[in-house]
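One chain, chain A, appears in both complexes that follow, with chain B as partner in the first and chain C in the second.
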Partner chain A sequence: MTAIALAAGALPAGTGTHTILAEEFHAPGLGLFEWEPLFNIGPVGVTKPMVLAVVLSGLLIAFFWAAFRRPQIVPRGVQNVGEVGYLFIRDDIARNIIGKKGDQYVPLLFALFFFIWTFNLASVIPIAQFPVTSRFGYPAVLAAIVYVTWVGVGIKAHGLGGFFKAQIPTGLPKAIYPLIIPIEYASNLIVRPFTHSVRLFANMFAGHLLIALFAITAWHFLVEQPTVLGFGVGIIGVLMTIVMTAFELLIQALQAFIFTLLAASYIGSALEEAH
Partner chain B sequence: MSQDGQDHQDPQNIAWSIVSYLLSGILVWGGVGWLLDRWIGSSPVFTVIGILGGCGLGIYLGYMRFTRP
Partner chain C sequence: MSVLAEVTGSIGSVGYGLAAIGPGIGIGIVFGLGVQAIARQPEAYNLIFRNMILGFAFAEALALIGLVMPFVYGT
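This part shows the complex of A and B:
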């Protein structure tokens, strides 16, 4: 409905909107994200996002397997690409954020970044055309893995009591602590895993919806119900689909990076806090 | 918080920590206020105080944590 209003606003005043803006135009909605099972394995209905997740994971594993199977001292071909990826995670994320102890978390961060990026990229791969991470389950589980790691690392580093004690900020007036401590714990233990996963999910969800909206607008006004006056709207749809796809490419990499960066930041805080 | 002044000061993390503090402040103290209101029957006095106070405490916590040297 909003789409119709927007489209109508884009037209010169005075044109009879009813003659050109077909009533049957349906803006895409939540239906884009709901998939019927393609087939069943036992009681589990396997949907398109699941198939994408498995296939893309397989491709990713195959790619890095090929890259690091027989490492040469002077890297060539795929190994070059793999090493650039590895060094990026090690130097720019692990060592930069966590510090000297960062190296042992590179495997986790490396896997997180490339899985998320690939899952996001599925949004613009023809045929796939669906960002796996726009189904909340995927970012939720990834954030849960980071959360469990954060708690585990913290307890290992400081002990159970130390882990909780380490989270309390130091150097504030004593009277304020009873008010501050519940906020600190609620923030770290409850709100943070939530914002961590929702940020990725919401970005991918909105991006997919936008691309779909413009693509459907183009399709509707240029193919399904072409009219002279609707032509301009259709062209805008085509151009915006291209612009949004380019923009999405940027957001996909950025969100994968931010998710990994924050994961590193949480792990780093568990290691360093408390003295 | 580490003593060497390196509290993972990357801007992304700080921004989201402050959002998290604000949300948590409102949820925790707004929630306490709401429970008090239900108990005493003074709705919505304590809920409002809790939400505003929690918001203020969240800002204070974020400020103290990330702006001091």
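This part shows the complex of A and C:
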């Protein structure tokens, strides 16, 4: 069990010095997401997700540095790729959702999208094999940045009173307001950052768990405890691992897109004139 | 008091199964109506698709909260 978990990139290296032959099948659980510190910097234990975050950020910065360091009027090579990404964020997200004022938020949205996508992609990169965003701290901080931004933008645009007034829809029957006011405040100011971060976190968490589950199923029934009856299950495990990896690639890009789209729509709704 | 009926085993999984019904229906409605709208007006594809994804994200969040809660509150 320990050996396969190590092979699947599931357990932190060095947790098991002895290999136990599992008598029966154990589904992977929360242990997949708990990491022993690799080394310590002062009081901070540095774990694999932290190392991945730093390395991937470095790669991302290097990539876009190479793309936009000396921009040419006729783009060549890597600048083409960078510009496709930039235009996607500017035209499809910022200008479409926020409108004319969207251009000044492109740097924020651009950074959000590509950081999240890269962090998610770590799930299927060999050796890394762990989505950084499935540790709740990463999406929580990203959602907090968006929250501070859209609240700040809203207060700047409408003033403090105007911002709080803009959260309430107008033109409803008077009797319904005592009901609608607490619901709107709770959903916009309290629940919104929570769901914004949990959506990304839980998707990556569930996706990693699914891939690990099928990989461990395949290993258990084909290698660890091969039986005639279990053979079919093992084959299904192999096929499902491949299918789920492809599905995860889609989900990773989609979740990065959704996170950025929602960030843009929050900023856009904060900028909107009171209705 | 004698126990007439008892459910044992992984009750959390049953709970999550129940919790996934609502978002499942919601996501079905979002994409069903989205595809219908695109079929009626293919030139509005980008606008419809973007709003479809937004609606999908809102409905999906409920299922995901249901997935995470058992880990938060333990067994």
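Keep in mind that, in the parts below, the second predicted complex is superposed on the first by the 250 of 275 C-alpha atoms of A that agree within 3 Å, B and C clash if a C-alpha of one lies under 4 Å from a C-alpha of the other, contacts with A are read in each partner's own complex, and residues count from 1 in each chain.
The rule is short, and it goes like this: a residue touches a chain if its C-beta (ideal position, glycine included) is under 8 Å from a C-beta of that chain, and two chains touch if they have at least 3 such contacts.
What you see is a predicted model; the values in this text were computed from it and never measured.
Participant: Which partner does A:Leu261 reach: the first (chain B), the second (chain C), both, or neither?
Facilitator: So A:Leu261 meets both chain B and chain C here.
Participant: Once chain A of both complexes is superposed, is A:Val198 in touch with chain B (first), chain C (second), both, or neither?
Facilitator: A:Val198: touches chain C, not chain B.
Participant: Does the superposition put A:Glu272 against chain B (first), chain C (second), both, or neither?
Facilitator: Only chain B; A:Glu272 stays clear of chain C.
Participant: Looking at the overlay, does A:Leu30 come into contact with chain B only (first), chain C only (second), both, or neither?
Facilitator: In the superposition, A:Leu30 touches chain C alone.
Participant: Is A:Ala206 touching anything from chain B or chain C once the two structures are fitted on A? First, second, both or neither.
Facilitator: second
Participant: Which partner reaches more residues of chain A, chain B or chain C?
Facilitator: Looking at chain B versus chain C, the one contacting more residues of chain A is B.
Participant: Can you list the residues of chain A that touch chain B in one structure and chain C in the other?
Facilitator: 97, 195, 199, 258, 261-262, 265
Participant: Tell me, which parts of chain B touch chain A in their complex?
Facilitator: Going by the criterion above, the answer is residues 1-3, 6-8, 10, 12-13, 16-17, 19-21, 23-25, 27-29, 53-54, 57-58, 60-61, 64-65, 68.
Participant: Across the complex, what residues on chain A touch chain B?
Facilitator: It comes out as residues 97, 169-172, 176, 179-180, 182-184, 186-188, 190-192, 195, 199, 258, 261-262, 265, 268-269, 272-273, 275.
Participant: Within their complex, state which residues of chain C touch chain A.
Facilitator: 46, 50, 53-54, 56-58, 60-61, 64-65, 67-68, 71
Participant: Per the contact definition, I'd like the list of chain A residues that touch chain C in the complex.
Facilitator: Against chain C, chain A makes touches at 30, 92, 96-97, 195, 198-199, 201-203, 205-206, 254, 257-258, 261-262, 265.
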